[in-house]
Structures are given as structure tokens and as C-alpha cells.
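Below is one structure; the comments refer to it alone.
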Amino acid sequence: MNQFVQVLLFGVTLGGVYALMASGLTLVFGVMRIVNIAHAAFMIIAAYIAFFAFDLYHIDPIISVLITMPVMFFMGMAVYWLFFSRIKGAKRAGELTVLLTFALALIVEGLLGYFFTNVYRSAGPSYATEALYFGRFFLSAGQFYATLLSIALIVLLWAFLKYSRIGYAIRASMQNLSAAQVVGVNVERISMIAFGIGMALAGASGSMMSFLFTFYPAKHWEWIAILLALIVLGGMGSLGGALAGAFILAISSNLIGYYFGPTWSPITFFLALFVVLLVRPQGLFGKKLEA
Amino acid sequence: MGETLASSKIKPASSTDSLKTPSKLQKVFLGILLLSLLLFPLLQFVVGGLNYWLHMLLYTFMYIAMASSWNIIGGYAGYTSLGHNVFFAVGGYFTGVLLVYYDVSPFITAPIAGLVSLALGLIVGLISLRTRGPAFIISTIALLMLVKIAFDNWDYIGGTNGITMPPILSLSLNLVKFPFYYYMLLIAIGAVYTSYRIRHSKFGLGLRAISQDEIKAEVAGIPTNYYKILAFGISGLFVGMVGGIWGYYLTYLRPNIFLIILVAAQLVLMSVLGGKGTVAGPVVGAILFIAIDEFFVANLGYTELNIVATGLLLALVLIFFPQGIVGSLRERGKLPAFLDWD
Amino acid sequence: MALLEIDNIKVGYGGGPNILNGLSMTIERGKTYCIIGPNGAGKSTLLRAICGLLHPREGSVTFKGEVLNKLRTDEILNRGISFVPQDRSLFPDMTVKENLRMGGYILKNRKQLEDRIKEVLVKFPILNERSSQPAKTLSGGQQQMLAIGRALVLRPEVIMLDEPSLGLAPKIAQSIFDNIAQLKDAGMTVILVEQNARKGLECADWGCVLDLGVNRFEGAADTILHDPRIQELYLGKQYQNRQEKAA
């Protein structure tokens, strides 16, 4: 029983981190109907920033969030303006954007590999390996702080969306884009901002990734596959669904990994995806997708 | 006329179909092309030292077959598959296992490998094709990851170390590439011909309707589910076959060579570059891509910049020429006859 | 001077053909206009062109002497023209109050926005009752009311409604037309597009018949309502006559 709770605890903390990663992805999809396959690649950019900030300047990776979030925010807006605003009106824009983000992911991966080589990296602040004890259970301090930060950021995101003027505009665009235009929302600008926010969330995730996991340029494929499976499970375009999917998958993959062996852990995600698609193609909380 | 799209069996078009039948000039061109390709290896006995070219050509044939196959589901039906190399892997391991454990030559088992891939495509399609658009694309990525993890951990087929296969020792260095060259050429012809016949059939018309507006197609009586799943299956057939041959050619198979997304990306790029949804597009795209790739490798080496180049090329094509070469030329009315097979 | 002057505009979607083919119309302050015509004539396109969701390819839309052609929707909303689209275009998961807040999105002053929202809720007690309910839980008639209320948050001078009675039962549709009559009484300029030509013309001062992208026929609403040609073409008089003969 003890072991079960311990594994559960790990699952919950992992779920928090996944939730943060998935929320950025979902936000972008909800507003612009863009499946950003490059999301994880941008996370790795941030991970490198955090890694070098720590390695060269001894900036704590968690503090580096203050750097990576703004940097990624502006990078995101620039990417949107460069790549996506141009294909807005094109035929079959939805499919085109998936392939475009795919191309973007390749470009990022290639550039990262070229400049930083494929050496496995991991930032090593002291708390990454310290253990914190909670009664009979423990967590690495790093996991604990990361989870706290993730939850804090998710709550901030929620509050921003619920109470700020731009948050309203973003939510409106997610629910009914044409209606948003009718009431005077500048959907181009809001899309750009939403993309920036999505990237900022990727930035925070990347900072945490730098000390929670080892990373290298090609690692983003692993991550994006997991994240995509996660949001399809939860229901694309639903932030609540992304959170639910994150926790469900994190906990169950941890439990399955513990009881059935480590190789089964990643398989959980993808098998779960297929099972859900068989039974409920729109995911747990999603609405029926348009083609 | 009385015959509806739904009631007609899938058969190739007769001359009542409004799509063009090839002109005499086109047929002559094709004849000359095929003859040259068939006779080319014989130059090995005259000039010698052509192994590099034989390699490049059979490599190109392989990708022509794969791109044309991808095009059936990705171009004709409009369902982008980002995990098509799964069929390649399945085909390769199928023939590889039969060779290593049971001593059966891949030249015999490759067609069966193709059928296995076909079956896999039908089964997976039954599940994946319940989704549309981005969710479908994601499901193909998930399939790729699943298969990779499974193969990485399956000891019978070697896990991450894969299978090593014996080379064909009975052939001299001069001749060793010959069987592979002809086999790949045959498969490529098969794939492109299949693509051509589908395009000129009611099945193909139905697929195009699905890619334009699936709901309207369904309302019009087209059996969309059946067509989609069939298309997905067929798109795996030739890919499985070339996979079966390629492993034998390389003499080894490992998951991390081709069960990676980069290869899936390259397949997509070829069709998009050439013009997806057309017959000649994937062929043109495959040839062009390989030429460009060789150019980059020759000048930049196997660095990460290759990956950047692939991505950049794909991005540029998508933004400026989403119809690909064949599509863009056709739009401007400048498509030369030898590329116009639609 | 006319309030809103539409001069020979040609409008189309994307790269497609012109839907409006040189349409001209004059809108005067305080009057109610009803635009009728067959499907595809360009009625919705006209309204969208006026409020900036589409830009005319040729011709001009002038409001109080200022040309609106190149302005964005929020700029046009700011100048006093509001639009209630055909499908109501509500935000389904937002509450009634939040939908109204979105109606006033372009208002920068928080207090002003709150006051305006209160105004609308007073005007529509049914909405007030349901102010915390998500819009998707409202009935068809209530949703239409919310859509109109949302447009009123900006206290527009001109309000345009695209087929407000669409999909509503006759009794509920009537209540919508009563609402429109109230807008008239309040001195607003109303442009109404209606499939229910009879009802629409009954509450209007002036009628316009759109067909094939041009203003084919216009006149006092009353006249149009009783014009035998119009009755035949758009009001189904011929069918009615045939029925009577057959009986």
C-alpha cells in the first residue's frame, strides 16, 4: 500500500508538470485551431536557456522561468507573425498549419543540434537530487518545487483568462471566433498574443524540464507525442480536458510502469489514445471536431 | 444513367470518365523512360563502376513507391499520415525475420510483407479514421511511437539492436545490386500505376470528394468510411514491400533508423513538394528531394543542418507553393505533358 | 444629409465572385428599413460589408460623412453601428452577463461598461433573471434577446439585425418584432434583414428588395407589402391564388 501511494504521489507531481505543458498547447489550438507540433521543441529551447543560465551564471532553473517566459513569449509572437499569419486565408489552412509546425519543429531541432550538439544535458541544482520527506513518503525537492510552480502558473493562467480583458477576448475567440470578430475583437492580434502565451507556458515548462529530465535536441519528439496523446485524450480545445488528461495519464502511466515494468509506461499513453479514439473520438471533454 | 457513386463497384475508369487519358506522346515518353531504366544496369558491363548510380536509382525508386503510396491517403483522401514509416518497418521486419529464422528469401516474401502492411493499414484505419483532421494526424504519430517502443523491446526481433541479415554472397560485386534495382523498379512501377488507376477511377473520385468536404460526400452517398479505410490500407501495401526489400539490401534493421519521425516528415515533404493529390507529384517530389538531400550531404555532411534544411524546405513549400510543383504549374496552365497524368 | 450612404458597392468573399454587384442604398436617421429578397441575393453580405467584417472591392460605405470602407470592425462599432448576426453568434460557455460584457469589449472604461450592462439587463428582465447562466442553456428566443441586448451595450445609433426571427416559433418571433418596435420608438435607426418578409415589412418604414446583388426595388414598406408584383415574387401570393383556384 505504501508503495502504491508513493507511486501515486510521483504520478501527481508529474501530472502537474504535464498539465502546464499541455495547457500551452491547448490554448493555441483552442484559439487558432493550430496543432503546434513544435511546442515541445520550443520547450527544449527554453530548457537550453535554463541550462546555460545555470551552468554559466548560476541562475537557479526555477528562477530562470522569469527569463524563459518573456523570451519565449516574444519569440512566439514573432513565429506567429512570420509563419502563421501568412497562411491564414489559404485553403485547408488547418492541415497546412500542422505540417508547418512540423517543419518548424525540424528547424528548431536541427538548429539546436547544430549549436549545442546532441550531448545529453541536465541542469544540476542541488535540489534536483535532494529528497523531501512527507511522513512516510518522499519526493525529490525538484519535483516538489516544479509541481508547486506548475500549479501556480496554471492558477495564474486561469485567473488571467477569467478576469482580464485580453483573457475574455481569448476565451471568446476559443468559443466562437466569428462572434468575437462581430463584437470588435482584433482576432489577428489576439491570436498572436495567445500564441505568445502558449509559448511562454512552454518556456516555463522548459525551465523545469532542464532539471527534472535529461534532454537533447531530438527529445522533443518523445514529449510532443505524449502531449498530443494527452490533449486528444482530454479533448482538444478544452483546457479542463488538458488538465484532466495530464493527471489521468501521468498517474496511470506511473502505476502501470511500477506494476508491469518500465517499458510499459510510455506505451500507456499511446494505447490509451487508441482506446479513447475507438470509444469516444472527441476525447473526454471535447466537442466533435470539424474536418 | 442510373448508376450512382455508391452503387458502382470500384473499377478503373472507362472513357466515360472526364479525366484525361494519356496522349500518344505521353505513352511514347513513358515507354522510352521505362526502357532506359530497364537497360541502364547493363551499362555496368560496358562502363563499370556504376554501383553508386545503381544505389541512388534504387533508393529513388523506393521513395517514389513510398511517396506515391502516401499520396493515396495523404493526397487523394486528404488525411495526412505522419507515421507511414510504420508500414516500412513492419514489412522490413517481416521479411527479415523470415530470412533469419526460416531462411526464406525476401524476394519471395516481400509481396506477402506488403499484404501484411495492407492488413495492418486496414485494422489501424478502422480505429484512426474515426477521427478527422489534426486528431487523425496525432493518431498516426501515436502509432509510430507505439510501434517503435514495441520493436525496441521485442527481443525476438532483436530489440534496439535489431536484426542482422546475411548479404547475398553468391553475386559478384558487379552484380550484387542488380536484383534490388529491378525489384525496387518493379515495386515503384506498381505503386505509381496503382496511384494512376485510383486517380482515374470512381474510387479516386470518391476520395477526392472526401478530401474536399467529407460530410457532403457522405450525404451524396459515397461510402466514406469504406473508401477511407481501403485507401489507408492500400497506401501501406507498397511501403511494406519496399521495406521488406530495403532491410535485405542494407543487411540490417534497427528501429532507430527508420521508426523516427524525420523519415515520416521526409515522406510528407516529397508528396507536398511535388504536389500532393496528383499522380506525377510524388514522383517528382521524391526525385527532387533525393537530389537536394544528396547535394546537402555532399556539401554540409551529415550534420544537423540537414534536418534544418528539410524543415525549411517544407515550410517554404507550404507557405509559398502549397500545391507543390505539379499543382502550381497546373494552376498557371504551364504543366508540361510528361507531368500531366491526372 | 443621409446617415448611412451605400454607393454602388461590389463585395465578395475570399477570391470568389462578387455577391453584391453595384448596390446602392440610402439610410436615414430614425427610420426602420427592412431588406428582403431570395437566398443568395446578398442580404447578409450587405450587413457584413457595412460593419467591417468584409471590405467592399469597389464603391463606398459612408457614415455621417465618413467613409467606412477600410476601417476595422472595432472602429466601426465605435462610431455607432452595431450588428446582430444571423446565427446570433453568442459565446456558448460564457454567462449572459459575460456575453454582454463582450458586447462592450471595445469600451475601455470599466465603470461605463458595468453601467451599460445594467441598462440592458433592466431592459430585458428575462436576461436579468438568467444573468449567471451560460448562453447555451437559453432557449432560442432568449438567445436572440441576448444577441440584441449585446448589440445595445454600445448604445448604437444604427443597429443591424440579420434574420432575427430565424428558427423561432411564431409567438416568440413576435416578441422579437415587438422588441424591434421598441428600438424604433427609442429613436434608433434599424436595418432589418428578414426572410419573414411580411412581418419584417410590417414593422418597417421603408423596404428594399435585393436580388442578384443589387437593390432591385425600394419604397415605403407599406407599398411594397401590398404591391402585387412583390407579393407574387416574394410573398407567395401566386401560390396562394393557385391554392384558392384548386379548392
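By written order: A, B and C. Residues from 1 in each chain.
Methods note: a contact is a pair of C-beta atoms (placed from the backbone, for glycine too) under 8 Å apart; a residue touches a chain by one contact, two chains touch by 3 or more.
Keep in mind that this is a model prediction, so the values were computed, not measured.
Student: What pair of chains is linked by the largest number of C-beta pairs in contact?
Tutor: The chain pair sharing the largest number of C-beta contacts is A-B.
Student: Could you say which chain's mean Cα position falls nearest to the mean Cα position of the entire protein shown?
Tutor: Going by the distance between chain centres and the overall C-alpha centre, it is A.
Student: Measuring centre to centre, with centres taken as mean CA positions, what chain is farthest from chain C?
Tutor: The most remote chain is B.
Student: Quick check: how many Å separate the C-alpha centres of chain A and chain B?
Tutor: Those two chain centres are 33 Å apart.
Student: Find the geometric centre of each of chain B and chain C from their Cα atoms only, then give the gap between the two centres in Å, rounded to an integer.
Tutor: Each chain reduced to its C-alpha mean, chain B and chain C end up 53 Å apart.
Student: With chain centres taken as the means of their Cα atoms, state the distance from chain A to chain C in Å.
Tutor: Once rounded, the distance between the two centres reads 43 Å.
Student: Please output the residue numbers of chain A that touch at least 2 other chains, ranges allowed.
Tutor: Residues of chain A touching two or more partner chains: there are none.
Student: If you look only at chain C, which of its residues touch chain A in the complex?
Tutor: 14, 51, 53, 72-74, 77-78, 83, 85, 89-94, 98, 101-103, 105-106, 150
Student: Touching chain A in the complex: which residues of chain B?
Tutor: 78, 80, 82, 127-128, 130-135, 137-139, 141-146, 149-150, 152-153, 213-215, 260-262, 265, 268, 272, 303-312, 314-315, 318-319, 322
Student: Within their complex, state which residues of chain A touch chain B.
Tutor: So the residues of chain A in touch with chain B come to 29, 33, 35, 83, 86-87, 90-92, 94-96, 98-100, 102-114, 118, 217, 221-222, 224-225, 228-229, 232, 236, 263, 266-267, 269-271, 273-274, 277-278, 281, 289-291.
Student: Tell me, which parts of chain A touch chain C in their complex?
Tutor: Within the complex, chain A touches chain C at residues 89, 165, 168-169, 171-172, 175-176, 178-186.
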